[in-house]
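Each of the two complexes below includes chain A, the first together with chain B, the second together with chain C.
Here is the complex of A and B:
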């Protein structure tokens, strides 16, 4: 097979010559050469994401002190302590309230905005939503603290512009972030402002994937307006509805920065007034960094982890009956 | 065009304009408040037009460390972008073109962090950073974000579509894997490079919760963290807070104005935008 004048590397490759030790090593290592390229990324992700994920399980079952000294196995102690904390259950209720308002509101508002932007673009000569789509999306990429602070000002009960306008209609406008009843709605208003533009874009992508001929066919059949939306557009949009539901749930369950800033985290008042906005994420933060109770904070994080996995599974199961895949 | 159709068209246009105005209002209000005269933020009726008074910006930049915080954020963001491009392009390339034992498993591990909820990890991440002596350093705001699953995935997808003939031709020319990647494949993946830069810029510039927890030293604070501390300071008025907020916001808006279509596509197309 080998010819006399075959170049050396080729003959080495087919094994015509006795192999030296480096050659053998090279053959052994060759299938893993790609690891050199993968290593930097893999290293970062393993050290800063996978190791912490494992550590979460470990710390939850230990009386853990930062640094490890004096830590001991705790069995289920942390869980027992956690479940006996009224504030833990309260935070779940607060988070549930937040999520149960945010997810449906997000679905309705972002879908309505998507229809509006698309229809308006269709009726005008331009092909896309252009400026208004961009302006509705823009809040999503703005920094949370900077924009939360202007909302704190807008919602200020005394000199905010919101109540200035409301006073023209009602004699006693709400105290917004300073009242227990309206603090969570205030956060919901901010969060919707910050996020619906993003979900609108997801819906726009879903809408764009509906073939025009289907809508045309519906029109020919005399199905128009809301009936066309309900019977043609919406069924074809269920994959987007599923996606938005899952993402909105996961994102609201984990909201932190806007709640912290809006409720006065810099003054040490995050989650207030009277714990009315203490969500799971805030309670984890406070437990670890105000009360220095790392094990309890880790146990709560583990519960959040489990809860998110469960919710995702339930949503997948629920939507498997509803989602219409073409 | 019938009257009904015209009504439909202009009606929709009007509703859309109102929606866009409502969503822009808070950002507009920042500008109005920051550029108004002293004390105007607490007076009724409120001013509704931006003023021409830029003293608030001079006050905060001269009087405090805002130039420093802007610089901190710029340094953190720029370094993170460079590192993300480097690690993600290498990994994406390896997944497509290099011999890689257990390729499927490596692929899953590299992309799997998308499924990990970030709020649930922050406590053990603090512990890891503690043991690595990263708390209170610039590095803690850079290194953990120096590789992201989404960027690796984007590079992998793009490299997979590049013709294999290019590589064969390059090999004949004697171009090694690494040189081929940086001289040919990486420049050819310009749309992905652009997307990764934009996504990393937004995430890094806006980071707040992470530095809040992982750092204490005010001199390394990025702008969002400094803003949080500033609002509770005694000298802060609404006018000054909004001036500083605008400083934090401006780079984002500027980039958005230039690359609006690309950002909407990049953020919307990824489905991984977990908010901090």
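Here is the complex of A and C:
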């Protein structure tokens, strides 16, 4: 009796040698190798980032006590309490003020610095702006808390360097961190000092990707200086402008250390005077760790997160109209 | 019309250009040709006003334009790889320089006029450079350079990024365009065939020195230097040194067998050798005249080219190229005897590479030849 053989797989015909054990192990592991490689980093991310984020989301719908004991479902209670808090709204205004000043100022100053550094590099003998670039970038690598403390002295109304210089020009210089009107600008000045170098480097990278040829072509057409910037450089730089806008928005909305330190967090005075510097981030911190009201802090964090997402979406949409040539 | 005088430019210790002088006539199509790095772009940029020379002057219509901006000089420029603005449409690229300087309607009319001249249709004007083909981009770049009606049009290797068939087509398009518009054109290329086929006159440049200025056919027939001889022609001349001996009171070339050859070499007493140049077409497999001499060569490679084949051979260690009939080339073994006629020889001084009047009655031609010293 003969049965028709089922068609055999090609590999079997070609000659299947017996495979060694390590070989089989390798075959077994190969599909998962990629996951194994990312696992350490991913594990850390999940444990310390995604899980807490998820917990935060959950907590904002609970009356939560540290450790979990005695917690109960709260529905939208936390949101109701939060929205009834004038301080919450005030902190939004303060944050908004901070962001609305910081983002445009960051864009203008870091772009201007980038242009200056590039021009300096172009006219320097060795065609590099390494030194000026490093000097402007330097503040960014200093620790926020340490340099903030230094700036507390610089901005001291009585014996600070800032006012020492200003007194040469005006009779009564501002009270800086000690006045409600100038406390936020003080923080903005510090933050710009600290971060502008970083954004400048992003712009320098963007500028470097614009071929000199294009500027020469513009010059041949009689378009130079600011006109060339407006008609050639800026349009081609919009990807960098977008990147800097988004990064600056996210970073300023979450700014904490320098505000905490500059406004006297060391003596429990952060956010003052008179709540003039109490941003969202500061209020969240105080609510959680000062008043031990974790669920309310979680709710605020959630609101901040939603706000950030919304802003980023809006910015994306806005720039999709601007970054048209991609 | 456009006059260059003693243009010199150095970058650090590198001499990019050295004493370039030439007068370009109204309506002329003038090419600057030379190998990569010889200073072509540098020269063009100096004419454009994008760079200043260390020494020398550029004059346009008799006016020294040193220190003038490109627009003030009235030049238009097509850049290597075009340098179109990627964020603007083709139309906006063409009108870039006039935007805001002309009323909108007038500008649109001018752009349309240029587009028609360059056979760019309206739909293409709405596209961005990346949506255009190489040939279309080139026409847009040309349009941008032409819309201000420049007195001099400068082009830096405008065809170098095109593939061979497109290059061929655009070459004839450019030439046709020049014949229609008659704009004085300074054209930079590293491809001597382009220069030969398009120019009224050309300058051969090497290491920042002008080797020769003249009509393409003159440069081809009577290269002024050994470099020009090697560079012009496809392929160029084979040039190699040969010994010279004083015989019958005159200098004679010596062939390999030590026989004086009836070629009179007009060189100073005491000269031991001379550079000999010969076109590949003039090297044959059999003698063609009374005064032919033979070179015993070893064959390196044979490069079929259809009707003809190029035989790359070595003669006493020097590379020699001969263009012979393909059928004959197929019969060749490892050795070949190449014949050349004394009348086809070009002679150059060993040290300077300058052409030597070859004593065969074309001293007059030598005088008319437009050799330009560096």
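Quick note on the criterion: the second predicted complex is superposed on the first by the 285 of 326 C-alpha atoms of A that agree within 3 Å, B and C clash if a C-alpha of one lies under 4 Å from a C-alpha of the other, contacts with A are read in each partner's own complex, and residues count from 1 in each chain.
Just so it is clear, contacts are C-beta pairs under 8 Å (C-beta built on N, C-alpha and C of every residue); 3 or more make two chains touch, one makes a residue touch a chain.
Everything numeric here is computed off the predicted structure, so don't read it as measured data.
Visitor: Judging by the criteria at the top, classify the pair chain B and chain C on chain A as clash or fit.
Guide: fit
Visitor: May I ask you to decide whether A:136 touches chain B, chain C, both, or neither, giving the answer as first, second, both or neither?
Guide: Touch partner of A:136: chain B, not chain C.
Visitor: Mind working out whether A:211 is in touch with chain B, chain C, both or neither, as first, second, both or neither?
Guide: second
Visitor: One more residue to check, A:41. First (chain B), second (chain C), both or neither?
Guide: First partner only, chain B.
Visitor: So in the superposed three-chain picture, is A:261 touching just chain B, just chain C, both, or none of them (first/second/both/neither)?
Guide: A:261 contacts chain B only, not chain C.
Visitor: Please name the chain, chain B or chain C, that touches the greater number of residues in chain A.
Guide: B
Visitor: Going by the contact rule set out at the top, does A:236 touch chain B (first), chain C (second), both, or neither?
Guide: second
Visitor: Quick one: the Cα-centre angle at chain A between chain B and chain C, nearest 10 degrees, please.
Guide: So the C-alpha centres give an angle of 90 degrees.
Visitor: Check whether A:71 is in contact with chain B, with chain C, with both or with neither, and answer first, second, both or neither.
Guide: neither
Visitor: Taking the superposed arrangement, what is the smallest distance in Å from a C-alpha atom of chain B to one of chain C?
Guide: 8
Visitor: Do any residues of chain A touch both chain B and chain C, and if so, which are they?
Guide: none
Visitor: Could you list, by residue number, the parts of chain A that touch chain C in their complex?
Guide: 211, 213-214, 216-224, 231-232, 235-236, 324-325
Visitor: How about chain A: which of its residues touch chain B in the complex?
Guide: Touching chain B from chain A are residues 30-38, 40-53, 55-56, 59, 66-67, 113, 116-117, 119-120, 123-124, 129, 131-147, 149-151, 153-154, 159, 161, 164, 193-195, 197-198, 201-202, 204-205, 243, 247, 250-251, 253-257, 260-261, 265-267, 280-281, 284-285, 288-289, 294, 297-298, 301-302, 304-305, 308.
Visitor: Residue numbers of chain C touching chain A in their complex, please.
Guide: 48, 50, 69-71, 75-77, 79-81, 83-87, 96-97, 128, 130, 144-145, 148
Visitor: For a test of understanding, state which residues of chain B touch chain A in their complex under the given definition.
Guide: 8-9, 12-13, 15-17, 19-21, 23-24, 26-27, 29-30, 33, 41-46, 86-88, 90-91, 93-95, 98-101, 103, 106, 109-110, 112-113, 116-128, 130-132, 143-144, 146-147, 149, 152, 177, 202, 205-206, 208-209, 212-213, 223-225, 227-229, 231-232, 238, 241-242, 244-246, 248-249, 252-253, 256, 260, 263-264, 267-269, 271, 273-276
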